[in-house]
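Same chain, two partners: subunit A is paired with subunit B first, then with subunit C.
Right, the complex of A and B next:
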C-alpha cells in the first residue's frame, strides 16, 4: 500500500497540472516564481503539496520547521552514507 | 482536483517527506512520524494571519539582502496573485515561503553542522520505541488546541519549547552541566527528543509535557554509543547485565515500559519478562524498584485527567499543580540518575565499583522519593471525587501524621491547595465579593433572593465545603463579615470602601503565608478573622444607628405599638371613641388618620422626630360582619430599607397582634373608668329611689370586681411582660456586637411578649377566657347604661309629677286626679317590672362573670408559666374566688400549702 502511495504522488501532481484550469496553472507559476525569488529551494511538486497543506489550514510555522528538519535529516543520511561508502 | 484537495494532510505530508528526502515511503516512516507530531502539536499558529504583514516582511527580507530589484518583482507577483483569488490561505503560503527563504550569497547551511549528531539517534530510536513503526496513516493530526503554552523561539513541539524554557529557568542545572561537553543547542536536543518520546508519554497539557520530556535527555545523548553494547548484552549473553536493568528501571521510573520490565495491564503492575534469564535477587530488587513507576503512573494519571477538567475548580487545579511540583522534584532526581549513568557510559565502566549505578544503590537512593510518592498516591486515592473545601479537608486529614517528613510534604500541598480558598476568603471578608464559579467556597449565595431578604436568606454556609481546619465558629464569622459588607453595599447603599472599614492591612497572602496561617490556627488567622468581624460589624451597627436610627425606631415601636406613650394612647382613645363605636364598614381610613394626627399634635408625641412620626399610620384590619370600629382598628408603623431587616414582615405582624391585645385591654380599662364615672355621677341622684339601692349596690360590687381584675391584668402586662422584656432587649441591643445579635434579641423579645400576652398557641384557652371576660365587661357597661338611663328617666318623670302636683296645689286645685294617679302608679309598676328584669339580668351577668373568672383562674393555676401563676395569686389575693370554687380550693390549697410548708 505504501509503495502505491509513493508512486501515486507524482502522478497526482501531473493530474493536477493537466486538469487544472488556466487560472490554477498561472497561480502556480506565480508562487513558483516567488519561491524562486526567496530561494526556498522547493521544487514544483513540493511547492504544490505545501500549497495544498496550507489550504487545509496547517500551521505554516510548523510546516516550515518540518521541511527544514527533513532536509537536514536527508542531508545527514546522505553524508553518513557517503562516509560509510 | 477536488479529490486531490480533499486528501488528508497525512497523505500529503507523507508524499512531501518522500519528495524532500528522496526516499521511499517505508524509509521515511520516522521522519513522517516526526512531521505529523510537530504539525499536530502546533495546530494553532502563533503568528498573525495577515497577508499584508507577511508580504511586507518578505519585502523587508529582500531589502535586507540588498535585492531591491527582486523586491519590486515580488510585489508585482504578489499583486498578480491577489487578483487571482483562488487560494484562501495566501498568508500561510507566503509565510511558509518566507520562513524557508535563504540568502543566496551565504553558503548553504543545509549540509554539515548537525550531521553527525542527527544521524545517530535515528537507528536507536527506531529500536527503543517500536510503537512508531505501527500505522503511520492512522495517527491523529488533531491535537487539542493550545496556543498558550507555545513558544515559537524553538521550532519543535510545545513540549520541546517549554523544555527549553524550563532548562533555562530550572532550579537545578545539574544535568546540563554534566552534559556540557557535547550538548547541542536546546532546540537541537528538543528535536531529537521529539523523535524519541512515545506519544503515550507526552500528555496533551503543554506544561505537563515539560517534566516528562526532561527525563530522557540524559541517556539519549550518548545513546548512539551505548546501543551497540546494549544489544550485545541482550542478544549475546544468556543473562542480562545489571547495567541494562538499571537503564530499564530508569525508564520504568517515568512510567515508560522498559525492554525487560513491562507494564502488565491485567494485573496493573510492572513485571519482568519471565522469559528473560535473571538471577532471583536482581529480579526481586527490580520488582521493588518498579513500584516507584507504578506510584508515579498513578499520580500522573490523576493529574493528567484532572488538569484539563475545568469544572474541577481552582482548588482542584492547585492540588494538581502541587502534585506536579512534587513530580517535578521526582523528575529532577531521575535526571540526575540519568546523567550519572551517562557519565559512566562516557568514561566506560572502568571507573571503579564505588561510583557505578547499581540496583541496590538505586534502592537506597529512591527510598525517600518512594515514601513521598506513596503519600502522594494515597492522597490521590483519598481525594478522588472531591473538590473545593472538601478536597482541602481531605488533604488536611493526611497532615495528621507523626512522620515529620510526610507532615512537611502534606503541609506544603495543603498550603497550595488552601491558597485559592484563602483567596476566596480574603476577597469575601475584605471586599464582600464572591467569585466562586465552581462552588468550592463554603459561603453560598442565592442569586434569586431580593435585597430585602439579603440578610436572612441570600447567603448560607455550604457545610460540606468547610475545610476541616476552619472551625464552624470561624466559618460563621466569615459568613457574617461578608454578609455585612454586602448588606452595607446593597441595602444601606453605603459606598465606603472596605479599606476604610478595615484599617488592618489586607496584604495578598502568598501560599506560604496560607500554610502558616492554617498551621497556626489559634494565632494570626483567628485574630485576622476576629478583627475583620469586629470592625465590619461595628461599622455596620454604626451605620444602622446613625444613618438609619435603628435604636430610635425600636423605641418608637415600644412607645406606639406597645402603648408605651400613655398620654398619646389615652388621648387617641378619647378622640377615637365616637368613631370606633360605629360599625366597621362605615369607617374611613382618612378620618382615622386625621384623628391620629390630632392626637399626635396634642400630646408629647409631637416632640418625636418627624422621621418616626411620618411612619406612624392607621390600619384597618379585615372587616367581618358585625364588627365595630374597635375590632378592626390598629396602629401601624411603616418600615422599609435597612431597618426592615430587623423589623421583618413577621415581626410586624407580631407587633400588630400584640398591639391589638393591648389596645383591647386598654379599652377595658377605659370602659371601666366610664362605668365608675357613671356610678359616681348618678349615686346622689338615685338616692331618692330607695328601691334601686339593691341593684346599684350590685353594680358597684361587680364593677369593682372588674376594676380589680383589669388593674391586675394591666399591671401584669405592663410590668411583668413589657417592661421586663424590654429591659432585657435594651441591654442586649446595647451590648450587641453584630446585627445578628440584635435580630436575635429582638426576636426573643417579641416571642416572649407574644407568649406572656397569651397570644401563642399554648395559651389559646386562656386567651379565649380573657376575651370572654372582656365581653362581659362590655355587656355590663351596656346593661348598666340602660339601667341608669331608665332609672334617670323614671326619676325625671317622678320629679315632673311631683312638680306638677306642687304647682296645682299652689294654684289651689287638687294635686292629682284619680286617673293621673292611676297612670302614675301604672308607670311605676312598669318601671318596677323592668327593674326586676334588670335585676335578674345583672344577677345573671355577675354570676356568669364570676364563673368565667374562676375558670380563668383555674387555667392560670394549671399553667406552666410561673408568672401566670403569680398573676392568679394576685387576682385572688383575698381568696374570694377560692372560697367559691372547689376546683380552685384544691389547686390553690395544694400550691399554697406547699409554699407555706417550704417557709
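Right, the complex of A and C next:
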C-alpha cells in the first residue's frame, strides 16, 4: 500500500464526519428559525436540549407542558426579584 | 448521550438564566433549593400530562394530523392574518428540513410537534421602526 492510499482513509472518514456534523448544524439552524418564527420562546440551548429529549422518546406535548411550567416558575422568580428592587 | 434526568436538569438550569442569585442568597433562598423546586415542577408537569394521556379519549382529527401539516395550517393562519412573508419563510424552511436518518435528526416529527404546541406561547418581538 502506498503512503498516499494510507493517508487517504482517515481523511475520507473525517470528511464524512464533517459532512454529517455540517448537516446536523444546518438542520438545527433551520429548526431554530422555525421556532423563532412561531414565537415559541425557545433559545438555541433549550431547543437543543428539547431535540435530545424528543430523541429519548419524551412525548412532545408533555414536554411543551414542562417548558410552559418552567417558564411560569422563572417568570415568578423574576417578578419577585423586581418587586423587591 | 445524556439521560432524560440530566437533560431535564439542564432544561431547568437553562430556565434560570437571568435570575440574580446574590440577592436571593441574602433572602435565604438558595440556588440549590430553587433548582430542586423547579425539577419537581418539571416532573409534575411531565407526569401529569403522561397520565392524562393514558385515559381513553375520543380520537380527534388533530391528534392524527402529521406535524408538518399542522405547520402548514399555522402558515395558512399567518397568511390570512396578514403575515405573508412569515408564512412564505415558514414553508421555505419546512421544505429545507429533511426527514429520515439523512437529516441527522432522529425524531424530527416529534420536534416539529413540540414547536406546534409551543407556537405563540411568547409575544412576538417588537418590530423596530
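The rule is short, and it goes like this: the second predicted complex is superposed on the first by the 65 of 85 C-alpha atoms of A that agree within 3 Å, B and C clash if a C-alpha of one lies under 4 Å from a C-alpha of the other, contacts with A are read in each partner's own complex, and residues count from 1 in each chain.
As a convention for this text, a residue touches a chain if its C-beta (ideal position, glycine included) is under 8 Å from a C-beta of that chain, and two chains touch if they have at least 3 such contacts.
Predicted model only: the values in this text are computed from it and were never measured.
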Partner chain(s) touched by A:79 [first = subunit B, second = subunit C, both, neither]: first
Per-residue contact with subunit A, leading partner among subunit C and subunit B: B
Residues of subunit A contacting subunit B in one complex and subunit C in the other: 20, 23-24, 27, 30-31, 33-35, 37-43, 45-46, 49-56, 58-71, 73-74, 77
Parts of subunit A lying in touch with subunit B, wherever the complex brings them together: 2-3, 5-6, 8-9, 12, 15-16, 19-20, 23-24, 26-27, 30-31, 33-35, 37-43, 45-46, 49-77, 79-80
Contacting residues of subunit B [partner subunit A, same complex]: 1, 4-5, 7, 9, 11-26, 31, 34-35, 38-39, 41-47, 58, 61-62, 70, 73-74, 77-78, 80-81, 84, 86-89, 92-104, 110-112, 114-116, 118-119, 122, 152, 155-156, 191
List of subunit A residues in touch with subunit C within their complex: 20, 23-24, 27-28, 30-31, 33-35, 37-43, 45-46, 49-56, 58-71, 73-74, 77-78, 81, 84
Residue ranges of subunit C touching subunit A (in the complex, touch as defined): 1-4, 7-8, 10-12, 14-16, 18-20, 23-24, 27, 34, 37-38, 41-42, 44-46, 48-50, 53, 71, 74, 86, 89-90, 93-94, 96-98, 102-108, 110-125
